[in-house]
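Structures are listed in the sections that come next.
In what follows, subunit A forms one complex with subunit B and a second complex with subunit C.
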Partner chain A sequence: MRYFKLIRLYFRIGVLNELEYRANFFVQIFQTVLGLLTALGGLAVIFEHTGDLGGWRSDELLALVGVYFLVGGLIGFVIQPSMQRLMMDVRTGTLDFMLTKPEDAQFIASIRQVEMWKLVDIALGVGLLVVALARLGRVMDVAQVLGFGVALLAGAAIVYSFWLMLATLVFWFVRVDNILVIFQTMYEAGRWPVTIYPGWMQVMLTFLVPVAFAVTVPSQAVVGRLTLQTLLGALGVAALMLFVSRRFWRIGIRHYSGASA
Partner chain B sequence: MSASKSAVVIQNLRKTYQVHEREAGLGAALRSLVSRKSRDVKAVDSISFSVDMGEMVGFLGPNGAGKTTTLKMLSGLLYPTSGEARVLGYVPSRRERAFLSQMTLVMGQRNQLVWDIPAIDSFELNREVYRVPVAQYKQTLDELVELLDLGKLLTKPVRNLSLGERMKCEIAGALLHRPRVLFLDEPTIGLDVTMQRRIRLFVAEYNRRYGATVLLTSHYMADVEALCKRVVVIHHGSILFDGDLTALVERFSPHKTIHVKLADENQDFGAYGEVISREEGQVVLRVPKADTARVTGQLLANMEIHDLTVEDTPIDEVIEQVFAQPKEGRA
Partner chain C sequence: MIGLWARYYRAQIKLSLAVQFQYRVAMAIWMLDIVLSPMIYLVVWTTVAQSSGGTVNGFTPSDFAAYYTVLMIVQHITQIWHMWEYEYLIREGGMAQRLLRPLHPINEDISQNISYKILMLMVLIPAVLLFVLLFRPAFHTPLWSALAFIPAVLLGAALAFVIGWTLAMAAFWTTRIVAINSLYFTAMLFFAGYLAPLDLLPRFMQMIAGVLPFRWMMSFPVELALGRVAPEAVLGGFAAQALWIVFGVLVLRRVWKAAVRRFSSVGG
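This part shows the complex of A and B:
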């Protein structure tokens, strides 16, 4: 399919670009290891004192940390870099070249920049998931794996739409980097299942910043807590968000005024 | 004027920007966080003109006149505030694929090539985005390599290229899909004279070979003289002149300037022409075109002159004089 071909080409450019700067690779490894230690350290401290946290056992939370890294890696791999690039391009006017291409602008804007070292996070996330499943002695059947896949895709779509809408604000406000920092901070909260937070915060983490859909729901699928309603709900929200964010993008692009040459 | 003959048709095109205003200083900046004053700026104020298929037109005006805004509206980047634009029969702002794959926009001050990798990799991407068949791509690329003398440049990381080399690659990258309409926004800016000429010759050749329509902005008169028979002059968003370049020069600059180098500049030149500047060892005179030959002869005969050159009034000065004209015929 054509879109996959384009994705492959843009990724290739991203990889070529990154390979020019080897140091980034080591910095990323360091960052990932640091992130991992923090996450595992947190778990260890808590389970010194208690056997379960809001109904989650330690190995289940390990799986959640795996999903946290996996989704975080996905966001950091393509969504965040592309959206940041978009915001920069709007400010500096280089978006012009993207808009003159005979291709869907939203699509290109969304895949244009990759940070390939974030694949380390994705690999680590998968590794943690495998370890967690082994420790839980859990074998997932096809339906469960499928449910996990769907939940993950829905979560990714929701996070993507969320980012796109934030980034689209740039057409009006030109500089919105700070809003994105808010997302990053809130995403940290996804390190724990949203069900352990008080009610108002759960609502926030579900609908205001969709951390629940991004991390908790797929994790529920892994540990066998996912209900069909939740999954369908996630799909519904994903479809709605994709639709709304696309409409919003279209309005935004009309407001593009470019930076004058 | 039949629509099929025109590549570009613009009618009463208008673009208004909202800009925020504030006074200088931190205090004003802080105040503007809460309450902002904004003002409408008419970048392009109801302009109309058309360009025939295969025609090369120079689009002139000082910085901020509205040239780039117009080109951006014509390439579908900006939505016009009102009025109508059509390029090859398409409405640019709809950004239809058929339209976008037949036109290109080159901006001398911007790059589309990826900075850290060789241009050829960016080209490959453009080939896919524009869906150019491989055979045609190879042929076009070969032609461009030959015409622009790209040779080994394509495999070097773009950041290692000189400004001129980069511009050549930019232009090649923008033409891989063989567009029928070219919007060139100061394609030669910052380049040395040789490179400027090279690019000029290339544009002329491209136009000849493919019958492409070219709308060109440039601050270099030589570009415009070499390429465009017709010019459209825009100032403060309105069109001041639309016609032959020669007519423009005749009408607004019936003078030439004579640069004279001599030992003693403190002589009376009043009999020869109007003295524009007088510096150590050099005098610049402005004389009516018709008198140029006579005045030059007299100067050489009557004074001890080291060097003498005759020049057309630079485009900037011509333009300045265009703007000095009363704005007749404007709504």
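This part shows the complex of A and C:
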């Protein structure tokens, strides 16, 4: 309960901060529209020449694009800004202020910074999902909705743990901004179902950078291709990643010696 | 006079080579950036080809492999990033110092651009080898066409630089550079032949591509390297590249004049 209160508090601060820069909202809308154009234009060009891509029909891929925006929006909304702030704070020494707070440091570090306008991407993602489902004429029953929810949560947990581990590297290397580029670039690959990639790339996109769990698996749930094994696998990986990243964070924070703020 | 310029450029390139060489880890990461995007589209189009009986509009998977291998090279040679840099330069006050120097700042940018591209060859060459090994591209290019590729890609790089640098000047007027840059790169994705070879685009998109400069930056050299340009169309292509460059330089000069007049320093 206390954690929910804290989340609400930090989000409120984020929103209040951001409301000072309202023009950013329009910049974000513009960016989102461009992203949408890119995604839909790409699909349109490709489906001029084929009826399915690796077994996915165009409306099924539309659902995947929806999940892509939804998860990408979630990452951009809280995960990425918080982790970037963490890295900056370690570099400049201001992390000390955060560590003196009487709450769990990992928790605070993970929710501290929100980029409110990214909610536009989340909304667009949901909208695309609805449109895709309508076009597919698909009605999801309770179990399927639940499966999708669980897959999405597992994916989010995996992506979060991955980011946390990358960000934790900052305690040793100080400058890791470039490592973030890895994730951003690899996430692009999630625009398409990972099953179309050659085997070695699928392994990379599943375990090295968890794009498969973040986008493809929840999308499979939406279009009704998700097997119970995959879902359980995703849950297992999520639990493992959360555990490992937590341990890693602990080691990292013990390594941190402050940089005199 | 020419000796002076040569000395200036040699010194500048040497300097920025030394500076950039410090960031070796970053270079390894940029390799991912160079490789991944073409690889994704290559995989997508290969999948399409396989599910529609082996070819798409005459492109086989190994044609796509050839296309995206060359595209990766051309993209590297024509790459430009000054539109990201100028916002920073102006915001942090570095621009004032640059304006004080006796030579036009564009000279520094050109030499930086060249040295970065030389340095990144160390990354690009393994990337090309990787593509060749993994995807087995097939070339059926006549010699003349392969030779014409060289001036075409250099002109393409010049064109991309002129346009990109002009765009970078927007930073003198607004701080919301991100939106402008996104628009530019989205247009590039569709109309430079990135998303798909231009032949595979729907008719109306091909028509739009015909009146925009992007095709002449990337797609035209790539088509030459693949031997997909008819001999009688080659001269017209070069002419289009030259015209766009001349037009771009004219615009660049006007915009630069206006930008400098507008500039008032921040910090220092």
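Basically, the second predicted complex is superposed on the first by the 260 of 261 C-alpha atoms of A that agree within 3 Å, B and C clash if a C-alpha of one lies under 4 Å from a C-alpha of the other, contacts with A are read in each partner's own complex, and residues count from 1 in each chain.
Keep in mind that, in the parts below, contacts are C-beta pairs under 8 Å (C-beta built on N, C-alpha and C of every residue); 3 or more make two chains touch, one makes a residue touch a chain.
These numbers were taken from a predicted model, which means no experiment stands behind them.
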First (subunit B), second (subunit C), both or neither touched by A:V142: neither
Subunit B versus subunit C as contact partner of A:I182, first or second or both or neither: second
Which superposed partner A:Q31 touches (first subunit B, second subunit C, both, neither): second
Partner chain(s) touched by A:Y256 [first = subunit B, second = subunit C, both, neither]: first
Which of subunit B and subunit C A:E103 touches, first, second, both or neither: first
Subunit B versus subunit C as contact partner of A:M1, first or second or both or neither: neither
Touching partner for A:N17 - first (subunit B), second (subunit C), both, neither: first
First (subunit B), second (subunit C), both or neither touched by A:L228: neither
Subunit B residues within the subunit A interface of the complex: 17, 64, 68-69, 72, 75-79, 95, 97-101, 103-105, 107-112, 114, 116-117, 121-122, 124-125, 128-131, 157, 185-186
Contacting residues of subunit A [partner subunit B, same complex]: 5-6, 9-10, 12-13, 16-17, 20-21, 93-94, 96-97, 99-103, 105, 108, 254, 256-258, 260-261
Contact footprint of subunit A on subunit C as seen in their complex: 25-26, 29-30, 32-33, 36-37, 39-40, 43-45, 47-48, 51-52, 56-57, 134, 176, 178-179, 182-183, 186, 189-190, 195-196, 200-202, 205
Residue ranges of subunit A touching subunit C (in the complex, touch as defined): 23, 27, 30-31, 34, 37-38, 41-42, 44-46, 48-54, 178-179, 181-182, 185-186, 188-189, 191-192, 196-198, 201
